[in-house]
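Both of the next two complexes hold chain A, though its partner changes from chain B to chain C.
This part shows the complex of A and B:
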């Protein structure tokens, strides 16, 4: 029986190793570019208001998806309310985090949009849905035009 | 008129903005880049590991099922027709017949090749009918290849063999 002749020495079992090369650059787009540059250079938050229906998009868009009108950029405070949150105790590799990370959907004041970001300077037990939060940005020198330029949102 | 058509006042297109590679290099536009490190290790398993070891020794190994009598090549540990483990190892010849073939003028990156590669499915003599594997043909003009052509393996020298399918350099036509 062939079953009795099985390879038991792991060194004799062959394997093939491979690597898949993937590399991409994803640009922020016309409106995303304006948003990240305003965040990086001035520490400001931009939204886009439809000139026709008045719906305010956050993150900004270059046109309104309901009536196809153009939008105009408006400055917003960056403050918002927690709509929902989740506490992560594991990292991407499922290893325990020393300090749990709190992710939240934050409805931005003065807009119809929201942002998903971290909450900081508070305990998970103290978070309430609807609580007011404001952003904490990196220092101007450290900002590089990315969403991580916002460190986290903290209670007002 | 299209159902639900709206009275749209904006132009039917928005003029795009061209981005050059320099704009990204100089940081004129914001972007996100990612380079995921995807690695894998694929085990050959019991039967193929032994098959590859056989190649290093210059042998083509197959397995036999005593129930249906098939000699299976490439070898496997289990007969998928009888649902039972195979019974013994045996050796098959290094000659065979071209079942089908394809002439490739590009490499895996779709770059043009100077010399075309002839890829063929070869059923190996000594194994059950239509049992074989895919390999490349050599010492033959693409125009001269035909289905049913008898071929023989051209091996690397013993010192060059490393237990891989590339231990057979190619298969050449068997004259006569």
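This part shows the complex of A and C:
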């Protein structure tokens, strides 16, 4: 039937709208906990150095993904260099954002890792790959121990 | 160990939307056509079924439980791989080679038009602690960052990506199942809105619906069923990492999965031995990345080869002669299915006006934003 009796009257087509309303807590884990506490309480940045190969991870984690051994936390400046950037003009629903957002991959100084975050206090035309940037944090009272405690990165 | 062949292929679609059929009916249409093509009865002849789906694309949980009826698989061994169709091919090959089945079926589909919040679903794949809370932009920005990193690493200008769009949109004009085919020049692409700079609007594959079903069989049965078995001569799959800080952004996942598939297929010089390729082009830069990763050309030669038509329909190594995802649309987990389908049709000589001369073909798919994972399958006549 499906092959020779197609619905051709669009008015007859039926569908039901649905949604999934679900909630979680996402545990940040040992590495995340250490990182976000240091960020929130002291405005400091932590990375994690592999005790075996010396590779320094950012974002920090408690194991090295190459040799599967443990890491130790090391403090870093939080500054870095722009490796790549993108200027987004549309939101999740593909509608125009009021203000375009500039995202960047920022190679973090003193690590082998990087962060993906927003750039601020600069125009898209002025961004150059390789430019040095530093984080702008929320005030200590406003910080919640989340990645959004970093508002954006701005030119050094 | 037995060889494994594709003995039947069927599909439904591909369309920008399919309001008259449910996703199950899409699967049913594709399955009926595949079984007709193979000359098999799923209730009697098929030993195992593999479906490829991701719960969040579907909008409900435990997708595998929703499968058997529309494939003729009730009371039969089935399972779902939450990955692209090409991972399903790899699983079917293993099931047959291990002797667990003589005939196995692989299915994947997209009912993307049912998804009202596509951007939100992709965002759900972003790390909830480190990435998802940042900014309000559509997750396409992640692909734009990857393109930016890749262009810088390789020193490519935007012309090469614009040319890819022009080529694929033109190829799609000979494919009646390519809803996004069109007459678009590289200049049009470069002039289209930079919605996610450096990605422009025309560099993004729009969503499409469809389903693909393959019937695979071991060698002796394949030869009984068809005069044109298409051998699955190699399969490979590979993941880099889920962490953006250790991703290559140069498609190492595709390079390694291709190496795995080429080794199995005995291919030592892919640039010479592969006659036709269908690679993931859901963003134009991904095609270039994947051509490089599949070693279809040396990276420093790719811009010149793209410009000179080497990968065009009449070129030495046609890539995405179907029109690719830029013409057919983003089929979610069925993306690799459309690519494998095109390779099979080309090797059978059933590709109609877009037929090219080919004995060996490769299909490749990526697991989409924000992953660094993918799979490859090599087919031969």
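Just so we're on the same page, the second predicted complex is superposed on the first by the 137 of 156 C-alpha atoms of A that agree within 3 Å, B and C clash if a C-alpha of one lies under 4 Å from a C-alpha of the other, contacts with A are read in each partner's own complex, and residues count from 1 in each chain.
Keep this in mind: contacts are C-beta pairs under 8 Å (C-beta built on N, C-alpha and C of every residue); 3 or more make two chains touch, one makes a residue touch a chain.
Note that the coordinates shown come from a computational prediction; the quantities given were computed from them, not determined experimentally.
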**Asked** Quick one: chain B or chain C, who's touching more of chain A?
**Response** C
**Message:** Just checking: does A:146 make contact with chain B only, chain C only, both, or neither of them? Give me first, second, both or neither.
**Reply:** both
**Message:** On the A-aligned overlay, A:41 touches which partner chain: chain B = first, chain C = second, or both, or neither?
**Reply:** neither
**Which superposed partner A:75 touches (first chain B, second chain C, both, neither)** = neither
**Item:** chain B versus chain C as contact partner of A:65, first or second or both or neither
**Value:** second
**Message:** Tell me the contact category for A:5 with respect to chain B and chain C: first, second, both or neither.
**Reply:** first
**Request:** Would you sort A:117 into first (chain B), second (chain C), both or neither based on which partner it touches?
**Result:** second
**Message:** With both complexes superposed on chain A, which partner does A:30 reach: first (chain B), second (chain C), both or neither?
**Reply:** first
**Prompt:** When the two structures are overlaid on chain A, which partner does A:84 contact: first (chain B), second (chain C), both, or neither?
**Reply:** second
**Asked** If you stack the two complexes on chain A, which partner ends up touching A:93: first (chain B), second (chain C), both, or neither?
**Response** second
**Item:** Common interface positions of chain A, toward chain B and toward chain C
**Value:** 2-3, 6-7, 13, 15, 17-18, 20, 24, 26, 28, 32, 146
**Fill in**
Listed in rising order, the residues of chain C that touch chain A in the complex are 19-21, 25, 28-29, 32, 59, 114, 116-117, 119-120, 123, 128-131, 133-142, 144-149, 152, 193-199, 241, 243-246, 249
**Prompt:** What residues of chain A sit close enough to touch chain B in their complex?
**Reply:** 1-3, 5-7, 12-20, 22-28, 30, 32-33, 36-37, 40, 62-63, 67-70, 145-146
**Fill in**
Per the touch rule, the chain B residues reaching chain A in their complex are 6, 8-10, 14, 17, 19, 24, 27, 29-46, 48-50, 52-53, 63, 77, 85-89, 163
**Asked** Along chain A, where are the residues that touch chain C in the complex?
**Response** 2-3, 6-7, 10, 13, 15, 17-18, 20, 24, 26, 28, 32, 57-59, 61, 65, 83-94, 97, 101, 103-105, 112-118, 124, 129, 146-148
